[in-house]
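What follows is chain A paired twice: with chain B in the first complex and chain C in the second.
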Partner chain A sequence: MLNNTTRVNVIVFGHLLDITKSANIAIENVSDTNELVQQLELLYPFTNMRFAIAVDKKIVNENTPLNDNSVIALLPPFSGG
Partner chain B sequence: MSAKQPKNVFVQGPIEASFIADSIQKHSSQTNIGAHSIFLGQVRSDLIKARKVAAIDYTTYEEMALEEMHEIREAIFLKYQLTCMHIYHSLGKVAAGEICLFVFTSSKHRKAAIEACEETVERIKAELPIWGKELFEDDSYQWKENK
Partner chain C sequence: MEAKQPYERYQRQMLLPEIGEAGQQKLLQSKVLVVGAGGLGCPVLQYLAAAGVGTIGIVDDDVVSLSNLHRQVIFRMDDIGQSKALRATTSLQQLNPSIQINPYDFRLTNQNALEIIAEYDIVVDGTDNFSSRYMINDACVLLNKPLVYAAISTFEGQVAIFNAVNKANEKLTNYRDLFPIPPTNNEVLNCAEAGVLGMLPGIIGCMQANEAIKLIAGIGVPLINRLLTYNALTNKGYELSLTASGDTLSLIPKDAAAFKRMNYDFSCTVNNVFELDANTFSPYLTNANATIIDVREEGELPIIEGFDHLHIPLSRLEQNIASLKGETIITFCQSGKRSRQAAQLLFNTFATTRKIYSLKDGIISWMNQQQEQ
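Right after this comes the complex of A and B.
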């Protein structure tokens, strides 16, 4: 990338949509998933919300570096079937 | 990563009984099969705080769900001696009493079909990014959570 500002796209699902009101959120200047969650918590009342984070369609359990092309999804507890 | 494209499993709306009957019928030419196992998930009209569930509205993270389902399918085929396996999950609105999940496994002998079917259902419920929004008769809703 020409600029050094990381801009990641976050897709939101399930009950988290009730809070964000939007299925797609763009977040800037975050280099890893911990920073992303901190940013999101400043923007939305996510306290007490349980969700997993997927980076490029894989659930991550540890802090994970992000880049401009990362696709991040916030996944509340599943309820299929 | 397998080169095979993940197979679609999603259908819009409820899974019709006639579709299930047709799926069974289609297997009559495969005479090496000796056992089928079928799981059907039906939308239950739970009563929650005096409100009755009228329907569930299903959404998914489709790209991820299809990749996960592909991995589950490969693992199940490695573990059990199956002839074939078919999976369908509803998206969108499914009314109480209608079918939202159809898992169909076939094998030479019953045990493989039964065990593969059960394991697949459990993995679908635990691992696929699908969310059910329970719509109540009074137009309110709540997000379902699998137990």
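Right after this comes the complex of A and C.
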């Protein structure tokens, strides 16, 4: 993506919040979900964490392009009952 | 009395045009299997029984303990030490004697799941571990049974219906479309170890019961191919849509034989970790070459006194590994789960240069045994 001011909003769920400390994170200059995860891994110790990714409220299983103002949810699995 | 006026019990829900007599008949003829009579299972069971779901199966191999009572509200003090499946059955029969309750007071495994699930129309997952969740998911896919899923973590819950057809006739989705592969042991705490307020499984369990009723009666817009997350601290919900992924089905066993061969025992396949039972643990308390570590988080009770040990919470163990001495290292926690993770972490560092053990079933179990002796 040529537009270098792409800004996406990341919403964090579950115990990922223990790491990020903030439920909402703004990330700039990422064009797809792979780049986003790479960026996040630089900012937070996400190693060993597994999470589903939703782009604009749709769960995605493959690398997915992001648009300006996309909302990305990171959803770790819960086991508790 | 009830035989003369069979519907009096259900009058208020039958007043809803969406339910009516036809809907009530559907409920009375339906068969729902609830796996796990815990925080989620208790409200699910109570509301399904109250609503007149005609046959309810309850699978749970656990017994009631005092620390269950703040959230597993079906149980009473007298139930402590007794089978959850059997005590829940008695309680539900008192609530509604006109329905059939089938207790299964053993663990649902890939060896018995298909036979049991086959007897029911809908499965409700209220389990507390990933092994069961993946196993139940795969069984429901194989048997083509709708699965009303929920799970909680501290203040958040997730609810969804898998393996059911929605009005748009979209492809069926299952749990593996959300999380294809189980997390490894040190990725997620489970509810027994993480804290939880009783109301959260109450709320989420009621949502599950509500979704089950909607599926049976064919009303509303059930959470098929949708995952609802709920946060009790903010009272906010967030809904996500799910689509079937092409790769998912390759992860699910092809048939019953493959299902029975599959290893679902994720939490117990921690390689190289040896567990000590309470009797074997005790002699180490006076062994100068043994380092004993409490890996529970700060502030967890009871405080352990009476033998020398270190207190290094699991979350900080990795950064403290280098300082550990002793040719034998034994970890303990409340229930024996986190100590197993801790032992695995230690093993990853020390391999066979030290003897690494985890106290099986946790320190509470050991203390109880000491009292008995």
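FYI, the second predicted complex is superposed on the first by the 73 of 81 C-alpha atoms of A that agree within 3 Å, B and C clash if a C-alpha of one lies under 4 Å from a C-alpha of the other, contacts with A are read in each partner's own complex, and residues count from 1 in each chain.
Please note the rule applied: a residue touches a chain if its C-beta (ideal position, glycine included) is under 8 Å from a C-beta of that chain, and two chains touch if they have at least 3 such contacts.
For clarity, every value in this text was computed on a predicted model and none was experimentally measured.
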Check your understanding: Which partner does A:Asn61 contact after superposing on A: first (chain B), second (chain C), both, neither?
Key -> second
Exercise for review: Could you look at A:Lys21 and tell me whether it touches chain B, chain C, both or neither (first, second, both, neither)?
Suggested key: neither
Practice item. Using the superposition on chain A described above, determine whether A:Phe78 touches chain B (first), chain C (second), both, or neither. Key: both
Practice item. For A:Met49, decide between first (touching chain B), second (touching chain C), both and neither. Key: second
Point to revise | chain A residues touched by each partner, larger count belonging to chain B or chain C | key: C
Exercise for review: Identify the partner contact of A:Phe13: answer first if only chain B is touched, second if only chain C is, both if each is, neither if none is.
Suggested key: both
Exercise for review: Across the two complexes, find the residues of chain A that touch chain B and also touch chain C.
Suggested key: 11, 13-15, 54, 57, 73, 75-81
Practice item. Mind listing the chain A positions that touch chain C in their complex? Key: 11, 13-15, 48-50, 52, 54, 57-59, 61, 73, 75-81
Review point. How about chain C: which of its residues touch chain A in the complex?
Key: 36, 38-41, 125-130, 133, 150-154, 156-158, 177-181, 183-184, 186-191, 194, 196, 201, 227, 229, 238-243, 245, 247
Revision key, fill the gap. Contacts from chain B onto chain A in the complex sit at residues 41, 58-61, 63-64, 67, 89, 100-101, 121, 124-133, 143-146
Check your understanding: Where on chain A does chain B make contact in their complex?
Key -> 11, 13-15, 18, 54, 57, 73, 75-81
